[in-house]
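There are two complexes below, and they share subunit A, which is joined by subunit B in the first and by subunit C in the second.
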Partner chain A sequence: MVSPMLLIAAPLGLAFITPLLGLLSERLTRYVPAAAMAFNFTLGLLLLPRVLREPWIVETAGLRPPFSIHLVAGPLGVGLSLLIALVGLLVSIYAIGYVREGPVAKYHTLYLLLLVGATGMVLSADLFNLFVFFEILCISSYALVGYRGDRAGIESSAKYLVQGAIGSSLILLGIGFVYGLFGTLSMADIARNVDSVTPMKVFISMAFLITGFGVEAAVLPLNAWLPDAHSSAPSSISAILSGIAIKAGLYAVARVVFTIYGADTMPMLVLLVGILTLLVGEMSAFSQNNIKRLLAYSSIGQIGLIVFALGLASASGVQGALFLVVSHALAKALLFLSVGYMIYRTGSMEISSLYGMGRRMPVSSLCFTIGAFSLVGLPPFIGFAAKFTVIRAALAGAAPLLTALVAIVLLGTVVEGAYFFRIVQGLHFRPPPEGAAPEQTDQYEAPVSALVPICLLAAIIVAVGLYPGVLTKYLGPAAMDLLDKAAYIHHVLGV
Partner chain B sequence: MRRALSLIVLLVLAVGLASALRGPSVGAEARRASLIDDDEVNFGRRYNSRAVEETGASNVVASVLVTYRGLDTLGEVTVLFVAATGLAALLHTGRRRRSEREATPASLIVFTGCRFLFPLILLFGAYIFAHGHLTPGGGFQGGAIIASGFLLIYLGCRGRQPESKRLSAVESLAGLAFVLIGLIGLAVGGSFLLNFLPEGSPYALLSAGIIPVVYVFIGFKVGSELGGIVGDLSGAR
Partner chain C sequence: MSFLAGYVQYIGSFGLVLIGLYIVLVKTNLIKVILGINLIDTGVNLFLVSVGYIRMGTAPIFSQAEAAGREMVDPVPQALVLTAIVIGVSVVALALSVAIRLYEHYGTLNLCKIRELKW
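And now, the complex of A and B:
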């Protein structure tokens, strides 16, 4: 009965009955996402040792692949669903106290479904099924971005909806193409036959899929929706969108490129797109005065770095990319969560209104500092280990061009450091702005339900930063899960 | 300038697509021709030739939707659920602002006509989803027909609106039932959405195992969900 299928089925069933629970008692629904994600986290931990030995092929409807939909719970799938469950759990604990207004039961239903969509995406081994879970993820995030119902929220939600819908249509066209070419939707089966058609056809279908998934992954020309959406959503949703949703889009792109089309070298273009995304994201973040927009642009910068690492297309590069995915998910969730109550208390998203917070909200400010230092890549935190892995992978071949690109990456990091240090300095060393509330430390600090997830995230960031070995031993198998096309086909189809 | 640029992009896309679509479209087909006996064929062909025998459903589309691509169907049901919930959440704030407007009651003829037609529409919708495994149609179509009955009620019998709590409860329970049927398959045969009921003889009403059961739940779910969307958009709930 224990099966990776439960990672999807159990939260989905809970999400379906959440509205029913909401009819009985609205308070009860607040605990549903946390319960579901705690279940997923436990189950993921139980499954991990087994899938490290051999990927678990989950068939549905009692038919062997490729004739029905199947899931592949490999090191990558289970590892990412563990990350989704962990961040999802912590953010849902935060949301218990944070989300008080509006249709609360609907918030928790949509939030849980967003996580179901992300989990389904990382586990599915069927192209169309991947798209279905992608749609669940996207549509629930469109609704959650506009949850507060204010003008900015609805506007950015509509913007996100339009761009996301165009992306989804492109994916659907691409899937139609692939099905026409290969007569199958199983990723392993497509991968096996991909060299039986002309490169032009492969390229066209791949371009549709990558562009479509690229909208959610927020790669450079396709990310106009992101700063608005991430900054006007409630902070708990910003944390999930930045921490999890973008990564799900990136995962889909990487799965399509590496596993289906079996790319073992990447065109220079991918590296350049990554670098450009990084630079544009960091530069735009530098000039922001709104703290949430700044964090959103910084997410774009980090995505650029992950794309750069994936573009190296080597085992160590992909390992570095996965390391960055984990470190960015943890750090960005921490930043959005700790900033959430600061904005709530001051009623303003301006960076200048956060000055002097270090004395009024000491724990939140300390944790914000930890998250910021980790994103920049300072040594005792997880971000250092991640960035270091990527840079070492880029310099491994000693190609002069890559060395030059690494220099640009480091320049981006300097910019990143500049704006984060500015905020951290403001938090701790500047006097609060005129007219701010008087010092009442005990009432001003965020409530316990928010401090617990914030402190846990900070603790994980420090712990993994000090002992990166607990994470890195899983990154190798996970990277091979993505890169080793032959093994993937072998596991799924048995040939 | 912008218009010219978008025209150029469209042109490039069109040329690319046309060149890609030229020639035989099913590339893998030729390579697999030797393997046809070995089941390693195009999905569509296999479903057409084997579905009735494998699932017992005489409507091949139903067997594809509920059995072969059952997880996708669960996903589509969820997408609809997400859309309905998200719409209700977004309309929640707008609704409070709207002033209570008094609805003019419909004329006696419209009112009586709606009351007369509503049960018939429900019956027809139920017929469509209960026979999904035998004839064209199924849970989604039957559900849409049922929702059109609710639309008629919202338009014609303004005093007698379906209670939104009941719609929401039906929606939740039907979704849960779909997941539970899948889980029973997992518990019994180790495979999610396994067809664990006897297949029966094709073309009989009670045949095809779980397919009609799942379709009935989908019908309930889609009907109550679309009915709820209609209600939300008309500002009734």
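And now, the complex of A and C:
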């Protein structure tokens, strides 16, 4: 059986071969990310049944944990790396035709490195190793945001870079505190010894780590970079940043809080931060005229909902949060990809310039509609099942305060519905703006290399929405992987 | 003041972090902001090294017979710092190249004048 280490090693190796390949032929490099992600997806599917029985501990230097750096391929790690590989594969197929200008070989190198960073984060069992993969993800996304080199891209790249660099320094400070307290960096070993020090010391190190990872996760006071970065990047990169990169940050926060520090109840503050993030995101999205900024703000809103679900700190709440992670990754990738060629054809990101697109680009518009409906949470799509799980988990305890908060969450969903329905109505029922290109059905629609991933994403969203059982049976073990600290320590350290 | 002597490296490292944070928050020139990030990095690295430092300790090389009885400095934080330095350098290099492109577009590095994107 092949080792889970290949999930990281194969794309990393290919990422560094890509620039060499680019010297021979720039056209060939376009297929490398798709090949690497197809490999990762197959390997993930092969590994999944085995790791569901028992997590696979990979020893990188031939020493038993807690010594040396090791990887833990548990249900959560392999499940999330499958999601990363799936979204990464579809977006890289899209990018084959979409990314034509600029240094193409470098784009594909950085794109693969971004995905390697995310995969490494979800598999790593070592705190500093987690930080290194996090930095790989961050640095490649700083560069990719400014890929086009235009005014907006460079400006948002600079903002993102300054905020991200300070976040990374905070993480490193937190790691320094943790190492000073426990003398180890293995997450399981820290988790085992976390009760041996005073709560105040634990709190200080946790605050540094959460704040640092929270910058990438775009939780409310730390998300000023997100709308600029996600809207100025090329659409294929926006899809990956919204679908994968912020989830990786959230994963790190959840892993630190639940597994390392073993929090079984969350302070009210976490729920409130989630609700505030949701409301601010949705309200800001409502007032946008720029379609990509609107989608970026909607990502903030969804992150708020995921934080709210994690803040419930119950098994069903975490399951709901993971379900939302999957549904948002698929739906937001679909929205950014289908909007990409609409913007390319019209040359404008204004919502009003997309009016009447339902006639001119029928397939893209239909898929956009599916993604938007799924994100709002309409029944036949995956978003409905995810939101339903979260709300059922929140109402499980029948606490009056939680019921009130659920009402606010649903209010946020109404706002979300209002702006998405406005766009969908414009796409299908409004006349195209004055001076738009005449109807050319076969010329105007996006090319096949873009339509294939878009339609596949839409098909997955509908299929999982109709049969949520195919996904939910993996969510339970994945949630327990995150929550069950004792089992995690037992698997890694064997005690 | 002698009681501070044992903590002087921590005071120094957090001083550097705070100075860097002040520069990032207050200065409007992007180059100065990048220097501030660099100062934060330096402070954090100093902190990491001092976490594993033992006064009068030796390097942990076990083949030297005369060093066997003495206390040894923890090598792990030093390995961490080596990695962190490399990461810091690449972030600063990327930041400087972004600053060059920003200057080409706007003709200024004053962050108060570069504000086309807002909430």
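The rule is short, and it goes like this: the second predicted complex is superposed on the first by the 494 of 495 C-alpha atoms of A that agree within 3 Å, B and C clash if a C-alpha of one lies under 4 Å from a C-alpha of the other, contacts with A are read in each partner's own complex, and residues count from 1 in each chain.
The rule is simple: contacts are C-beta pairs under 8 Å (C-beta built on N, C-alpha and C of every residue); 3 or more make two chains touch, one makes a residue touch a chain.
In this text the structure is predicted, and so the values were computed from the model without any measurement.
Asker: Would you check which partner chain A:180 touches, where first means subunit B only, second means subunit C only, and both and neither mean what they say?
Answerer: Both partners, subunit B and subunit C.
Asker: Touching A:135 in the superposition: subunit B (first), subunit C (second), both, neither?
Answerer: After superposition on chain A, A:135 lies in contact with both partners, subunit B and subunit C.
Asker: Can A:269 be said to touch subunit B (first), subunit C (second), both, or neither?
Answerer: In the superposition, A:269 contacts neither subunit B nor subunit C.
Asker: Thinking of the overlay built on chain A, is A:120 touched by subunit B (first), by subunit C (second), by both, or by neither?
Answerer: After superposition on chain A, A:120 lies in contact with subunit B alone.
Asker: In the overlaid three-chain picture, which partner chain does A:143 touch, first (subunit B) or second (subunit C), both, or neither?
Answerer: both
Asker: Output check: A:398 vs subunit B and subunit C. Expected answer is one of first, second, both, neither. What do you get?
Answerer: Neither partner.
Asker: Which partner does A:152 contact after superposing on A: first (subunit B), second (subunit C), both, neither?
Answerer: second
Asker: Could you pull out which residues of subunit A sit against subunit B in one structure and against subunit C in the other?
Answerer: 128, 132, 135, 139, 142-143, 146, 149, 154, 157, 180, 183, 185
Asker: Show me the residue ranges of subunit C that touch subunit A in the complex, using the header's touch definition.
Answerer: 17, 21, 24, 30, 33, 37, 40-41, 44, 47-48, 51-52, 74, 76-77, 80, 83-84, 87, 90-91, 94-95, 98-99, 101-102, 105-106, 114, 116-117, 119
Asker: Which residues, counting only subunit A, touch subunit B once they are in their complex?
Answerer: Within the complex, subunit A touches subunit B at residues 1, 3, 5-6, 9, 12-13, 15-20, 23, 58-63, 66-69, 102-103, 106-107, 109-110, 113, 116, 120, 126, 128-129, 132-133, 135-136, 139-140, 142-144, 146-149, 154, 157, 177, 180-185, 193, 196-198, 200-201, 204-205.
Asker: Inside the complex, what are the residues of subunit A that reach subunit C?
Answerer: 128, 132, 135, 139, 142-143, 146, 149-152, 154-159, 161-162, 165-166, 168-169, 172-173, 175-176, 179-180, 183, 185, 224, 227-228, 232, 284
Asker: Sort out for me which residues of subunit B touch subunit A in the complex.
Answerer: For this pair, the touching residues of subunit B are 16-17, 19-20, 23, 25-32, 39, 41-44, 46, 54, 67-72, 74-76, 78-79, 81-83, 85-90, 92-94, 165, 168-169, 171-173, 175-176, 179-180, 182-183, 185-187, 189-195.
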